[in-house]
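Consider the two complexes below, in which chain A is the common component and chain B and chain C are the respective partners.
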Partner chain A sequence: MSAPRQSLIGAALPRKEDDRLLRGDGLFTDDVQLAHQLEMAVGRCPFPRAAIGAIDVAQARALADVRHILTGADVRAASEPLTVLRPVPGAPLLPYYALAGEEAIHEGQPVVSVVAASRAIAEDALELIDIDYEPLPHVTDTLGALADDAPVLHRETLPSNLLTSNVDRAGEPEARLAEAPVVVEGRFHVNRVSALPMEARGIVAHWRAGARTLEVHASTQTPHLIRQQLAECLPLDEGCIRVIASDVGGGFGMKLGLYPEDVLAVLHAMALRRPVKWIEDRLEFFRASTQAREAVHEVRIGAEADGRIVAITNQYTTDLGAWNSTYGSAQLSSVVFTGPYKVADAAVERRVALTNKTPIGAYRGYGQPEVNFALEVLIDRLARRLDVDPLELRRTNMLRPEDLPWTTPSRAVYDNGDYLKTLQMAADAVDYDAHRAVGRECHDDGRLTGIGFASFVERTGYASARFLAGRGSRFGAHESVVLRANRSGGIDLYTGVSTFGQGSETAFAQVCAEVFGIDYEAITIHAGDSGASPLNTGAFASRTLIAAAGAIREAADALRDKTLRIAAMVLQSTPDALEVHGRAVRVADEPGRTVSLADIFTRAIIGQGISEDEAPGLEAAAHFEPSHASFSFGTAAAVVSVDLESGEFDVERFVMAHDCGVVVNPPLVEGQVRGGLVQGLGAALAEELRYDASTGQLVSGSMLDYFAPTIMDVPPIDLLHTEIPSSITPFGVRGVGEVGTIPPAAAITNAVCDALADYGVEISTLPLTPERVWQALSAARNAREPR
Partner chain B sequence: MSGTERAIAFRLNGEAVSADAPVRMHAADFLRHRLGWTGTHVGCEQGVCGMCTILVDGAAIKSCLMLAVQLDGAEVTTVEALAEGDRLNAAQESFKRHHALQCGYCTPGFLMLAESLKASGRTLSRAEVREELVGVLCRCTGYENILRAVEEYLNADEPEASR
Partner chain C sequence: MKSADFAYHRPGDIAEAVRHLQDYDGGARVLAGGQSLMPMMNMRLWRPDAVVDINGLTDLAELTAEGDETRIGALVRYSTLEFSPLVAERLPLLKAMVAFVGDRQVRNRGTIGGSLVQGDPTGEMPLGCLVLGATVSVLGPSGAHTIAMEDLYEGAYTATLAPDEVLTEVRVPPHPPHFAFRECCRRHNDFCVLSVAATGRMADDGRWRGLRIGLGGVNDTPVLAEASMALLEGSRLDDADIAAAGGAALRAIDPPDDIRGSAEYRAHLVPIYVARVLRDLRASAQAAAR
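Right, the complex of A and B next:
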């Protein structure tokens, strides 16, 4: 008997995606160039809120090579408001058209759009359009928007700027807090940031009137959902619409769902019967693509004198911006608000506030980094209050392997894991005991050293379509795949999951090759084309592989069964005596008796040379819906040194110990974690979309003003893994896409506060800049002398 | 359109190019949309992100900060010139080996920067390589693998040595 092949699950195979991208052969949206293509530019409201009077387009229309102009009235006549895929339960819908009507309510909201022979001419035309704006009172502050005297954004629908609020709770947290010997509380401000993919958004819309076919190339994570939304907004059946996402230059959650410009490009293309391209420039991007994170968390923790936490409450206000974007603001803060801790009495209230700012949408982590910052920083405050070691405090309260599965107060179910193990690994990696023994003042130059931890869980994937329906979501929890044998002896894998850096082409091929037994190289991936893939959900929420692995396994099993049946006839054997090896089927005990897959597949495809009982064709489709979400987990540790005079600090080391279950491709996992960490570090330390309160203008809305990390800004990062198979997913995998964004802010804040513990410094606001540290230090010094 | 376009001639990836360039079009748009070489990407059009980095007379240049007409007479190299037939070149192989790309949008910029460093013949420490790479942003990888890939490429004696 031949030696069994080494498993491909866990193999560091080269990526399917790499060669084309390395050669400049990728096909990004702006690389698509169609014959007779025109270009679109969008005119945007320069005020945070303004009544829109007359719009005079006469001069623009007269400009040579200007082909078509749309205003708010045209859009209302031709399309429905953008639909919301993830409505806020209990909240009214806020009709959101692709162009503003009588009033615009955030800086950058589209007001008019022009199509011309070139983008430059379209922009010239925008300069010639005269719009009567009457600025109106606005509000940009999240909590200020909920004040009684705040100007109300959606007066027809809502009496205030509170879109909705909802509560998850268990036990009697208020009573536990009232009787707890120690209660700590804090108000934490989480900054508004941008996902900032290196490729901004874009669309090429092509309406072939005779064929009644709308072909759309778009930079999106969800081609099938865009197709659904276009059909909902336009007088078109879904069957007329094909959405293609070839290569996507980064998504991070920001490229989910339909945007106003998508509708505009399609309306122009249908009116003109010519292809229309819109490529978002970077200045537009900062105002037009969804922003993320901004929230204020008010957290209370009650504990016994020995450090045992008895209750947690969190009332948080999440800033939605001016509209409910397709996905809206974060809900996951409510799901994981008790973190990896064993707390039965807890309550969380989520309030959604409307402000005159760009709409908020999904971004990697989507509520989890925000609540982790609030909870983990307050845990360290509790440790200082109780005078216990923060590591020990976490150890005391952390869920143990035997506590799992654990139903949280917000009714999420954590699957199996060993949270304490990653905590200890992180502590060992930064030599925590030695640090504690040496003390904080160990630099010759007087800088103080601190170590901070942040432990976390990450919800990955969705429990089920039923779970999503209960939350009002209008998409499914499944993934799907079609596997089709080809006459070269290979397998074509069709998926609606588009490729934006996550490596799904590689991981999918690995799973397929593992199950079928065929060479990894014999699998060709066809991704992101709604016209050439089964209906699916899309790549977000760290859910893709959890769901797709199940579908691929089922389809590959079906394809393999039929392959072996036909091969058994050819080899005069039985299916269970056969194995797939490379690009052939052979008798397991007699490797010399073999038939090529090209031969078997060709017989099956044309229906010749197969048993009369077999139908022709060799193709399998499968849909798989997970039964549960799976929770990745881990602990990060940061080592910082702080200059006492200036507040300047260095992150000298950053360690991440984490578990995402069974790893399909180790370099891909490391790449996801490392990339997420650097995004998390950027958001923690420097990135911020700042709005000036008086003018309502975005003041950090360009690449020069928004400080995304460069290579020089990244501290040394060490990654440590455990690999505990999830008990509830195919192959035991957990999601890994978002985990890196979660713990950096809390770990570094805790490290800085640890370094400055003798001065009583507390930090509650992000980003954590040297200026902010200096201010906190000054405030603390004024409040009291060092102990 | 003669007032708004100007005839230019230059060498692109070893071939002579003669074309009319709109006077207000930057070099990256010209390469991409007039000549159809879309391997060079555009990310910010203000010289920060480095997606559009190309070689002009051997120097790494952010081509969004250069007008197309300034290419006149230059020797220009873009990412499309790197692979040797069906084979990736040593820099590309090093990126692949180190998983130094995810979405791939920034990759041409980093590759061209790496080529300019290689051509300079300087011996660079790891810290110096880091400093040299500061002009191109990446939002996916966290940079570590890009640093490893470029460092290995620069330290290899011959392109073939790293295969």
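Right, the complex of A and C next:
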């Protein structure tokens, strides 16, 4: 008997994607050059809110090489409002056309679009278009938008700027708070940030009228869903539309749905019968692509004197911007608002506020970083109030393995895990006890040292299609795959999951190779083409592998069964005596008796040399919906040193101990976690889309003023893993795509507040800049020494 | 983000460059490294009728020692300054500061002449050249003249060159033996929140002479902290001197209020950073004395 092959699950195989990307052979949207292609540029509202009067396009139309111009009226005549895939439950639909009509409601909203021979000429033409704007009163502050006297954005649909509010609750949290010996509370401001993919958005639309075929190349995470939305907006039969997302230069949730520019490019292309390209530049990206996170959380925690938490309430307001984008405002704050803690009495209320700012959309974490910041910073405040160690306080309240599965007050079900273990690992990794023994004043130059923790759970995947249906979401919880044998003895894997850096091609090939037994190299992935992949959901919500692994397993099993049947006939054996090895099938006990996969696959494909009972063809499709969401978990720890004079601080160490279940490919997991951490650190410490309240203008809308971290700004990061298989997913995997974004803000804020504990410094606002630390120190000093 | 139309000229000598500039009557701009010009044009914030590309004028790319003086051609790139042994030996402050400019790509293209004409209030080169007491040579239709760094700016991003003049070189007098530099940034090598550069000489009696302190990012232009300099003339740079000089530096500032930091915070940081730089300076002299 030959030795069993080592499992590919857990193997650090090289990424399928890397070769082409590193050689510059990726194919991004701007690499698509079609014959007779024209280019589009979009004219955008410069005001946060304005009435739009006459639009004079005569001069622009007269400019040489300008081919087509669209205004709001044209768009209304030719298309429907953009549709929403993940509406906020209970909220009315807000109409939003690809171009503004009588009123624009945020800076950067598309107002006109021009197609010309080149982008430069199209931009020249935009300058020649005269638009009568009359600025109207606006509101950019999240809570201010809910004030009685705030100008209302969607007057025809809503009486105020409150889109909707909804409550999840269990037990009697208010009563528990009223009787709790200790109650801490805080109002936490989470900054508006950008997902900032390296490649901004882009689309090439090509309509062949005679063929009634619309072919769209787009930089998107969800080609099949874009197809659906285009069909709805144009309106056009879905069968006419093919959406191709080849390489995508980062998505992070921001490229999940249809945007106005997609509709515009298509409308132009259909009118002109020529391909139209639009590549978003970085300046328009900052105003046109969805932004993220901005929220205010008001949290209360009640506890017994011994530190046992008896109740948590969180009323939060998320800023939606001016319109409900395809994936709208983040929805997971409510799901994980009690974190990894055992609390029965708790309530969360989400309020969604409309403001005259760029619409908010999904971004890695989708509400989890926001609520983690509020909860974990308040937990540390509770520790200081009770004078107990923050680590001990977490230990006291954390769900234990035997408490799991656990239904949270918002009715999420945490699967199995060991939360305390990652807490202890993080504490050990930063030498917590040794630090505490030395004290905070261990630097020669007077800087103070602090340590902060942030524990978290991360929901990965969706509970079910039924759960999504209950919330009005218009997509499923499944993934799908088609496997097709080819005559070279390899397997083609077709997936609707586009490739945007997450490594899914690699992970899918690994799972397929593992199940089938074939070489990893023999698998070719065909990703992101709606015309050549089964209908699927798409890559978001850290759900892809959880769902896709099940589909791949099912399809690979089916393909393997048939392969072995045919091979048994050829080798005059029985299927269960055979094994797949490399690119051949052999008799397990007699490895010399072998037939190549190329031979078997060719027989099957052409239907020659197979048994009479066997149908020709070797192809399998499968759809798989996981039974539940799975929850990843962990604890981050930060060690900082703070300069008392200036408020400057260094993150000296950052440790992340986490569990994402069974690891399919360790470097992929490490890449996901580190990448997420860098985005989390950037959002925590520096990034901020700031709007000037009086002018309503975005003041940090370029790479010059938006402080995304560079590699030089990233502190040393240590990653630690536990690998507890999820009890409910195929292979025991949990999602890992978003986890890094969750704990940095709270861990570092807690570390800074710990360093400054003797001064009574409390920090509730992000980003946590040195200036903010200085302000907090000054405020705390003033409070202590009243003049 | 595509520039408006413009004409492009690539002159073969400096006189031709000046002629082109003159032809457009203030409507043309010199193109050196393009690290500020190109973004401004692509954002259509600047729309010159013509661009006069001086990258072919190799005479302007020379770096030479002329007696006590060091001459840096306007086209000398940041990277050249960063790695030149001549600069390391003769202008160590400039070498230290240039490493804080942007990223490698920016330093490979950007030039000292472009940086000085651009006149970013946070720029490292304008500040370094000011503290070192440099002058710049300028060529225009009516001939050549020089401008002292103190007189180069009228305000933020406004050098006093006429639109038909070309900055040809920077002349730097002898560099004092001690120097120190620090800057505070929101992220690595970003345009600074503030920066402080200082040079000086400690005489044999342990007293400091000719100490110069420059501040970047806290006024419309880089400025000398003259009150602090006066206080420190002949001092021993002891802790009390340093504290006093830090406070006196506030007289030189009129800080901006922007996304990088509030005016109040910049004012708070000025004495702190001046004191840190002066302590660095003192430590450098003490190390040299050992």
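Throughout what follows, the second predicted complex is superposed on the first by the 784 of 787 C-alpha atoms of A that agree within 3 Å, B and C clash if a C-alpha of one lies under 4 Å from a C-alpha of the other, contacts with A are read in each partner's own complex, and residues count from 1 in each chain.
By definition in this document, contacts are C-beta pairs under 8 Å (C-beta built on N, C-alpha and C of every residue); 3 or more make two chains touch, one makes a residue touch a chain.
As the structure is a prediction and not an experimental result, all values here were calculated from the model.
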item	value
Which superposed partner A:F707 touches (first chain B, second chain C, both, neither)	second
Touched partner set for A:P369, first chain B, second chain C, both or neither	neither
Larger contact residue set on chain A - chain B or chain C	B
Chain B versus chain C as contact partner of A:A120, first or second or both or neither	both
Touching partner for A:G671 - first (chain B), second (chain C), both, neither	first
Touched partner set for A:D281, first chain B, second chain C, both or neither	both
Which superposed partner A:A686 touches (first chain B, second chain C, both, neither)	second
Chain B and chain C footprints on chain A, overlapping residues	120, 281-282, 704, 708-710, 712
Interface residues, chain C side, partner chain A - complex	1-5, 43-44, 103, 184, 186-191, 258-262, 265, 268-269, 272
Footprint of chain A on chain B - complex, ascending	22, 24-25, 32-33, 36-46, 48-49, 51, 78-80, 82-83, 88, 92, 95-96, 99, 101-108, 111, 130-131, 133-134, 137-147
Interfacial residue positions of chain A with respect to chain B in the complex	14-15, 17-26, 28, 30-31, 33, 120, 195-200, 247-252, 281-282, 499-503, 667-668, 670-671, 674-679, 702-704, 708-712, 714, 717, 740
Complex contact set, residues of chain A against chain C	118-120, 123-124, 127, 281-284, 645-646, 648, 686, 688, 690, 699-700, 704-705, 707-710, 712-713, 769, 771, 774-775
